[in-house]
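Worksheet: one structure, shown below.
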Amino acid sequence: MNWPARRFCRAVFYDGAEPDVLTITNLEKRYKAGDRALKGVSMTLAPGDIVGLIGPSGAGKSTLIRCVNRLVDPTAGSIRLGDIDLTTLDGQALRKARRRIGMIFQEYALVERLTVMENVLSGRLGYVGFWQSWFRRFPEADIQRAFSLLERVGLIDHVDKRADALSGGQRQRVGIARALAQDPELLLIDEPTASLDPKTSRQVMRLILELCTERKLAAIVNIHDVALAQMFLPRIVGLRAGEIVYDGPASGLNAEVLTRIYGEEDWTKTSNSQSDDLDDGSLASPGASGLAAMPVPVAGT
Amino acid sequence: MAILINPDGTRHWRLLTPGQQRWRWAGWLALVALTVFCWRIMTADTIWAFVTDAPRQAQDIFGRMLPPRWIYINQLWQAIWDTINIATLGTLIAIVLATPLAFLAARNTTPSVLFIRPVALFIIVASRSINALIWGLLLVAVLGPGVLAGIIAIALRSIGFIGKLLYEAIEEIDETQVEAIRATGASQAQVMGYGIWPQILPAFATISVFRWDINIRESTVLGLVGAGGLGLALEGALNTLAWPQVSLILLIILVTVVISEWITAKVRKVII
Amino acid sequence: MTATTGPARIWKRPRLVEQTWLRWAIILAVLLYLGLAFGSIDVNWTRVSEGLVRAARLFSGFLQPDFTSRWGDIQQGLIESLTMTVCATVFGLVLALPIGLGAARNIAPLWLYGLCRAIIALARAFQEIIVAILFVAMFGFGTFAGFLTLSVSTIGFLSKLIADDIEEIDPAQVEAIRATGGGFWQVMDYAVASQVMPRFVGLTAYKVDINFRESSVIGIVGAGGIGATLNTALDRYEFDSAAAILLIIIGIVMLCEYASGWIRKAMA
């Protein structure tokens, strides 16, 4: 299951010559209480691979992506980012590795009382020394990068506002800008739309996808909303009870696969909704240009 | 604004403008200067020989304190009883007086915002500003030494504390519940009983128990100014430099405080 | 329907204690305690009646406070109290910060947590006045003992509240800053300090207020400050001077309270 899907995605996006960004092998996580959150998960991401991670609550989605940047320490297995093994790092080396991995959070996780600019600049913390960050004297290049990112996500007029003065969609854009300020090779995205309304959800997903394609970023997107995942994400990994039960193109998500991931339920509606959504006029708006550029592999599989 | 636009049109960002930056540094500098200045005035009369001698003194005192004179506890039971009474009766009197005061001080229940509320607020502030020990000092001068002065001192200090917290709780109640009761045609007293009182009851109980805990602490030392209880025994022991007795009294104070804290925690759990 | 045919249903008001006998037992016990407690108050009525005269003098002292005749002493006491307050708050603050960080379970390792919590418990064990007695015995009479007393109480107060605050911060913000590759102190600065700073400044302002009030008390046992002046005035039955001192204390406390309220509002 795993291997053909990988080859498929690579064939669509790139010629396969580049080395993998992320390789997870037999990853296990056992919590102190004894429950095994992850039972030998393996997956690979090539540059530009964007993976939607779906599965029921408690399947281990959140644990999996937190293992990648070591906010959670895995029990066994290996995670390779490029040519380094993340599982063995600590201290300075771990910080250096973390700055190559951007993370976007469900409830935005902005530092509420800091300004938008400070939040975006906090993405550079791994690159600057403590005193520089204490006095907020970031290198000029970082500041210019933050300006252009804020321009890109459409928040250039809110630079000096405090994060808690923004709306949900705006906050998530700041979160995206912060992650990109790190100049990452890989994005970990944890339920980016769970706290947003449907329209804002789509806008945010579209923005994330555009930015990933622009920068050839690999990304893992934890997502609850299957319809949204099918609509935007080319490759889907289904996780159930700590094990990968599906790894393949989004178009392969049929009622049988969804049952395997989530359990028994009438899935016909969800499978249909995919085509409905793609016909949706709002997607054809000028803002969707990035999506149009995306080779969404719906037909031809 | 912290975005600076350079003459050539490029943008620059700083958390603070140079002007704000200067003010911030000036503020820190002023704080340091003030501290140094205060330190110099404060220590002008300090005899440093005593300060450098302090570790030896401390060693000496603790050497004399140990072991405590355990037998002495038989003379302390009365003092412990008095201490508990001072705290409990003082708190009760304060509750009785502070509750109507709080209703007079709360914006939404006071009969007159212009006249009665300021008076009630002033009583609360005056009571809060003066420490129980100073109230004790005044009352001992007026009533003579004894438990009564202690009880009244505790009560006078607690009125402000309970009154303040209670009137804030009253101001925060949900007005729609009060409206609903009023809409049934209830009298003013019934509105109090059914609309307001149930809402502030948990706060009322928590505040009272909280203050009782503080009062136990305070009543252990009130005797230092002559207002009865354990502090009186402490004063006597200190004046005769009977350090083994001092250490026993300190130990008892500590135990009393810990027990009252434990009771408070239990009661709060029941209330909440 | 059924109500008319079946036995009449009774509604009783809910009680805090449901069992009747227990309720009465509690009420009886409370009454018994109150009786015993009030009975053990030993009042010397002749002394009290003498006292009423003094109370009248004290009250008239409040109406006509005498600021002038003891102004030199009052001034000296005030300066001592204020300087003690400032120095003790700053000194206590500087020590309370690291202790507070160490006493927050979500950022400190267990051994440091235990150590810092023990320091806090020790600093809070006794009332200021008892600490002052001990410090006066060690360091001699005067402001230095008072300064140390207030510093200890500042450490106990601020580090406990800082630690409790830090334990309640939003962990998502900490996680986010750690995820960007920020080091320990950068996480402290961006994710922790930015969350607790407003309350922290408010608490410090509040503690200045408390320290001043305390400084007016510890003078009673010889630790300097306006309390010593007040004690002397009362010993000499100079109620008009005592009233003046009390009015000054109330005034300064109200000023501090307004100032700290304003600071807290400005920081929110």
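By letter and in written order, the chains are A, B and C; residue numbering begins at 1 in each of them.
Basically, a residue touches a chain if its C-beta (ideal position, glycine included) is under 8 Å from a C-beta of that chain, and two chains touch if they have at least 3 such contacts.
The model shown is predicted, which means the values in this text are computed figures rather than measured ones.
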Chain labels contacting subunit B and also subunit C: A
Most widely separated chain from subunit B, with each centre as the mean of CA atoms: A
Pair of chains joined by more contacts [C-beta pairs], A-B or A-C: A-C
Gap in Å, rounded to a whole number, between the CA centres of subunit C and subunit B: 5
Distance from subunit C to subunit A - Cα centre to Cα centre, in angstrom: 50
Euclidean distance of C-alpha centroids - subunit A vs subunit B, Å: 52
Residues within subunit B bordering two or more other chains: none
Subunit A: positions in contact with at least two other chains: 118
Of all residues in subunit B, those that touch subunit C in their complex: 31, 34-35, 38-39, 41-43, 45-47, 50-51, 54, 57-58, 61, 81-82, 85, 88-89, 125-126, 128-131, 133-134, 137-138, 141-144, 146-148, 151, 217-218, 220-221, 224-225, 234, 238, 250, 253-254, 257
Subunit B partner contacts - residues on subunit A that touch it in the complex: 115, 117-118, 136, 140, 143-144, 146-147, 159-160
Subunit C-facing residues of subunit A, complex: 69, 71, 95-99, 101-103, 105, 107, 109-114, 118, 122-127, 130, 133-134, 175, 178-179, 182, 188
Interfacial residue positions of subunit C with respect to subunit B in the complex: 34, 37-38, 40-44, 47-48, 50-52, 54-55, 58, 79-80, 82-84, 86-87, 90, 125-127, 129-130, 133-134, 137-140, 142-144, 147, 213-214, 216-217, 220-221, 227, 230-231, 234, 237, 239, 242, 246, 249-250, 253-254, 257
Residue ranges of subunit C touching subunit A (in the complex, touch as defined): 170, 172-173, 175-183, 185-186, 189-191, 194-195, 197-198
